[in-house]
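Next up: the structures, one after another.
Each of the two complexes below includes chain A, the first together with chain B, the second together with chain C.
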Partner chain A sequence: MFAYVVRRIIATIPVMAVVALFVFSLLFIAPGDPAAVIAGDQATPEQIERIRQSLGLDRPFLVQFSEWVWRLLHFDLGRSIFTNLPVTTMIAQRIEPTLSLTLITLVLSVIVAVPIGVLAAWKAGSFVDRAIMGFAVFGFSVPVFVIGYLLAYFFALELEWLPVQGYTPFAHGFVPWLENLILPSIALGCVYIALIARITRATMLEVLQQDYIRTARAKGLAQTPILFIHALKNASVPIVTVIGIGIALLIGGAVVTESVFAIPGLGRLTVDAILRRDYPVIQGIVLLFSFVYVLVNLGVDLIYTLIDPRIRY
Partner chain B sequence: MPAVATPALPDLWPPVKIRRGFLGFLRRHPTVAIGSALLIVMIAIALFAPYLGTVDPTTLNTARRTRAPSADFWFGTDMLGRDIYSRVMYGARVSLTVGFSVAICASLIGLAIGLISGMLRFADGFIMRIMDGLMSIPPILLAIALMALTRGSIGNVILAITIAEIPRVSRLVRGVVLSLREQPYVDAAIAAGTRTPLIILRHILPNTLAPMTVQATYICASAMIIEAILSFIGAGVPPITPSWGNIMAEGRSLWQVKPFIVFFPAVFLSLTVLAVNLVGDGLRDALDPRMAKAL
Partner chain C sequence: MDRRTFLKASAGAGAFAAAGGLSAPAIAQGAAKTLRFVPQANLANFDPIWGTQYVVRNAAVLVWDTLYGFDENLKPQRQMVESEETSSDGLTWTFKLRPGLKFHDGEPVLAKDVVASLTRWSSRDTMGLMLKALQQELVAVDDRTVKWVLKKPYPKMLLALAKNSTPMAFIMPERIAKTDPFKQIEEYIGSGPMKFAKGEWVPGAKAVFEKFADYKPRDEKASWLAGGKNMLIDRIEWVVMPDPATAAAALQNGEVDWWENPITDLVPLLKKNRNVAVDIADPLGNIGAFRMNHLHPPFNDVKVRRAVLMALDQEEYMRALVGDDNSLWKPLPGYFTPGTPLYSEAGGEILKGKRDLAAAKKLLAESSYKGEPVTCIVAQDQPITKAQGDVTAELLKRLGMNVDFVATDWGTTGQRRALKSPPGQGGWGMFHTWHAGADCLNPAVYIAIRATGEKAWFGWPDVPAVETEVNNWFEAKNLDEEKAIIARLNKAALDSVVYAPTGFFLTYQAWRKNISGIGKGPIPFAWGVSKTA
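Then we have the complex of A and B:
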């Protein structure tokens, strides 16, 4: 068990190295002259040259890359071209709203998706099942910003139940904080719920065919413990896997959701950075999110050994 | 007194009518029928956009800004007085071009990488570590990072989304190839002295096509959503291009007072993605009966 944990942690190092190498090389493999693109259309040659130097594009690739990795290992992501602030500072200022949004969405989605997936599998072929799976197709098809605008229009503008846009820090009270995040979380969660519900249903259908489920029924166990204890426990590995993989959807969707609901988080920072062509900031955010994603999936792999004792490496 | 007709005796074995051919397939998979119909409508809109009562989607007219939908302007006008109906109709071209191009390019490149990785054992470890790394970058962020370094154009958007989608295809193809290699008929072909390229062409490639086609439809749907997201946040096609994401980006600041600017492109985008997803689900059910039961 301990050896497995250590091996699994070591296995993330090459993955992170590839991520870092790729994110760094983008500057070099991008078609055209990135310095000119970042400087904008009205830039003078001197400005382009200054950006080229500040990005280090005038020096050999390997020299730059090793320097960059060295700074990265010291949690130095460079400075923003636009504000000249350290990228880590800018990220630290914006991380709370994004963290709140993604965590609430994660919790909400799992609480909703797993039971409806179980329900769909239990009532397979029925109207309930069709309705849930139909919803899943819609969840996959309607983009997050469309759902966001629809929710904001009905629940905030028309019904005035919840605030339309904005964000209240957690320090200003739990209720205002939550009020501002309910609609964005639902919008962001739709595709995630659809994904988890589909996998839950598919895995549960398979598990419900097993002999031990028939045995449990035969000995007169009630439906709920059969579904949620006997079956769900054995179906949990693929479900936990897809919850981990789906984090990528949450991270990508958060960028857009924050734009729709005017939440001043990392997504807004990304969008502002794109409009200003502030590449060091974008680079830092992509690295941070990828790192989080790798860590989440590392956690998922470690959870396997807890939920399923048959998995031994 | 009405004549009583003798009731016809029911057949012991009622004839099972299996509908064959293309129409039969559509009948057995109604989602494919609905999805394809919707998709054909969208393709027709894209092809015949100039003949659908549209005007030049880039014509500015500051005298008629943000008009509500009316008989003259079916979907209203935007902040610069452009006709939203025309922009939405022409927008179908951008979405479908990006969706189909990314699906084709990512599938072909992913297929090549997956085949190489699955057939050449010495290259497998190296290629898959790179793919693992690329897959750890959320696709939207990877596309955003690429777009930040290039000028906004449809070509660059297609390139950025293709790069973001390749790792998933190559992983899928590699998995299929690895399981096919163990099949007795591949062993038989090797024993019979068939050369490796011919084995790939005759025995491996045809069997990867079914899962690839299904995957390609999902990539198409995902690419259309990513294109809209990129344009929506200002990292996609140039703002003058009528794309659904761009129209929504222009309506973003006004959506509380003029919701129709965001509404129409949103509906068309969602319907198109839904159509592609329905076709994908239907194809999956048809090509992989085991999955059909499960999902």
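Then we have the complex of A and C:
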């Protein structure tokens, strides 16, 4: 197992290299000019060109790429073209809100989605099943920002239970931290809950048809242990897979959620960087997200071995 | 549900809450000495010479001071300067600094700091570049005296040092001001009324300013960038909010105190909230514009440009920008900011009265236009450019032109508009923008009116008559002379269509009613602003 983990981690290196090359090339050929943004609307073309030269953006692709790779090999993601801050500092400033948002959303989603998915499968064809699947369709169909506005309307403005926007660091207290994250997590979690609930239902329906479930029932086992111990455990592999895949959804959704709730996370940093063509920041964030995604996939593979003893690496 | 309806619905809760007399939640209560301000954009960098976006300038006026500052009558007034002298031949300017001025690091402001700062500024600013070209010597005579010797008189000296268009002539410590003007500074030490809390800066989210205890305000009453900049607030937190509906909700809920630029769609809701005040932000407003590429067909033919101007209905543009609020716009048959001394309508007949599409079509038929596609670049991520672009596309179609509508973002527009290649080879035919009224007061700050051909602003108009009048204006001795010159300039610019003005429009600002002292101006001035709990 240990050897497998080490192999998988080593295997991330070529993946990251391809991502790095791809991201750098894409940004190089993409239209847009950070120098023009920096210079402002009143700048002359000559001034913009001077800024471009001072930033080294006028140099050939290979020169810029090799310099970037060299820095990367020294764990240096460079500095933001705009803020002049190290990209690592900017990511560090933003990682806590995004991590908090995604973790709470993940926990909330799993806690809600798995039981309702199981319930829907158990009560398949009933009103409860249809209501849960109706909610799932709603979660898939309604954009995150619409849910966000609706939640803010009722719970922040009308009921005044929670703040409209912002983020309070965990270090300033658990309650204020949580207060700022409840609405964004629900908004972001809707689609995720829908996805996991549907997969849980579908997988459970299949498992509940198995002979060993019939045997368990024939033995007179109670419904709860049948559902949550016997059936759910065997249905877990696809569910865990979907949860893993869903991390990408969360990262994408965080971009919108962070904008709607003014949370200073990596999602907003990504959008700002793209709009301004802040190349080092975009490259740093995409590499980070890729690395996280590779790690999540590795984690999912390892979880398989815990829930299904037949799987061995 | 359209965008406007949705935004109103989503932000409407605040109006409901206020109407119901509900108090703001405890989480929204901040200290009375902390002002939470939502700026127009993200403070992505903080070097007001290197980066000349308005948002940088607006933050910079808190941290850095200037030798002179514009008052609300657009007159330069002394700020850091105690007195000035001009030699009889107009070639030597001597400035004496006020005593006791200090930087945020405790060091005194010295003449050598002024010399270094003006040297850096004059490498980037249009007026500064003119001064640099005329400069014979810029030296510190003693700790408080600076001498600037020119080869030729420059009557607009005080205007250059006081202007609020970017980049402003901010004074920094010598060690910082010696930074290459095309590279960013890394220390944010000024002598202004607020210190920049660099440790709390999260670009894209938050910027914090703290009161500078040793700031020495002038005795005169504050007026824009002039007079005593007395800070009644200990701390200002800039909270960046990319989503207007969220900003509106946060303001209504008391989570922020002052919003610099609420979008017009949300203003009716804010006005209904009894805890929120709404007023015009900047009386100098903005001038909507699209620029045509004078280098390539079809707009290298003045007949085509004039045909477009003849068909252009400014009301259509302004309605697209500000909706039904008639107090927010006015027609602009000229190029200079309405309500300011140099405003002129000379030559503006082409933009006045009922639009004559038939005459415009006739003129277009007489031109060299042969139906080639017009590459119309429209940045979709800027509401002002998007609204104008949609109107222009319709205008060109009505006129019978073949429109190649390029929907893109502002970053791409910024790059593409700099390309001088023909439209079919990556270049462009027209793009949309707007100019702050404060940048259209006179030719010195108005880069968009310049017509120096390939050295001009994007579109590269080449109109010698315009440039002659610009040069005449710099030499003008009094306001009457200036007005006469500007009238000729305005006419020449409209005759050759340096660019197409689409109208003059204003924007709002909004704040909680427990905030007082907020004025109107081209910058959200924080001095004199106070807050009650």
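Definition applied: the second predicted complex is superposed on the first by the 256 of 313 C-alpha atoms of A that agree within 3 Å, B and C clash if a C-alpha of one lies under 4 Å from a C-alpha of the other, contacts with A are read in each partner's own complex, and residues count from 1 in each chain.
Heads up, the rule we're going with is that a residue touches a chain if its C-beta (ideal position, glycine included) is under 8 Å from a C-beta of that chain, and two chains touch if they have at least 3 such contacts.
Only a predicted model underlies this, so the values are computations on that prediction, with no experimental measurement involved.
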Request  = With the two complexes superposed on chain A, say which partner A:Val164 touches: chain B (first), chain C (second), both, or neither.
outcome  = both
Ask   = Regarding the shared-chain residue A:Leu275, is it in contact with chain B (first), chain C (second), both, or neither?
value = both
Task = Check the residue A:Tyr293 against both partner chains and state whether it touches chain B (first), chain C (second), both, or neither.
result = first
Inquiry  = After the superposition on A, what does A:Ile51 contact: first (chain B), second (chain C), both or neither?
reply    = second
Touching partner for A:His230 - first (chain B), second (chain C), both, neither = neither
Query = Which holds for A:Tyr149: it touches chain B only (first), chain C only (second), both, or neither?
reply = both
Message = So in the superposed three-chain picture, is A:Val37 touching just chain B, just chain C, both, or none of them (first/second/both/neither)?
response = both
Query = Where does A:Ser259 make contact in the superposed view: on chain B (first), on chain C (second), on both, or on neither?
reply = both
Ask   = Across the two complexes, what residues of chain A are contacted by chain B and by chain C?
value = 31-32, 34, 37-38, 149, 153, 157, 164, 259-260, 271, 275, 277
Ask   = Which chain A residues qualify as touching chain B in the complex?
value = 14-19, 21-23, 26-27, 30-32, 34, 37-38, 137-138, 140-146, 149, 153, 157, 164, 198, 201-202, 205-206, 248-249, 251-253, 255-256, 259-260, 270-271, 273-275, 277, 279, 282-283, 285-286, 289-290, 293-294, 297
Chain B residues touching chain A - in the complex, by the definition given at the top = 129-130, 132-134, 136-142, 144-151, 156, 221, 225, 228-229, 232-235, 248, 252, 255-256, 259, 262-263, 266, 269-270, 273-274, 277-278, 281, 293-295
In the complex, chain C residues that touch chain A = 6, 9-10, 12-14, 16-17, 22, 24-25, 27-28, 42, 44-45, 50-54, 124, 126, 165-166, 180, 182-184, 186, 202-206, 239-243, 245-247, 249-250, 252-253, 255, 381, 408-412, 414-418, 433, 435, 439, 447-448, 455, 457-458
Touching residues on chain A, where the partner in the complex is chain C = 31-34, 36-48, 50-51, 53-54, 80, 82-85, 90, 93-94, 149-150, 152-154, 156-158, 160-166, 176, 179, 259-262, 264, 268-269, 271-272, 275-278
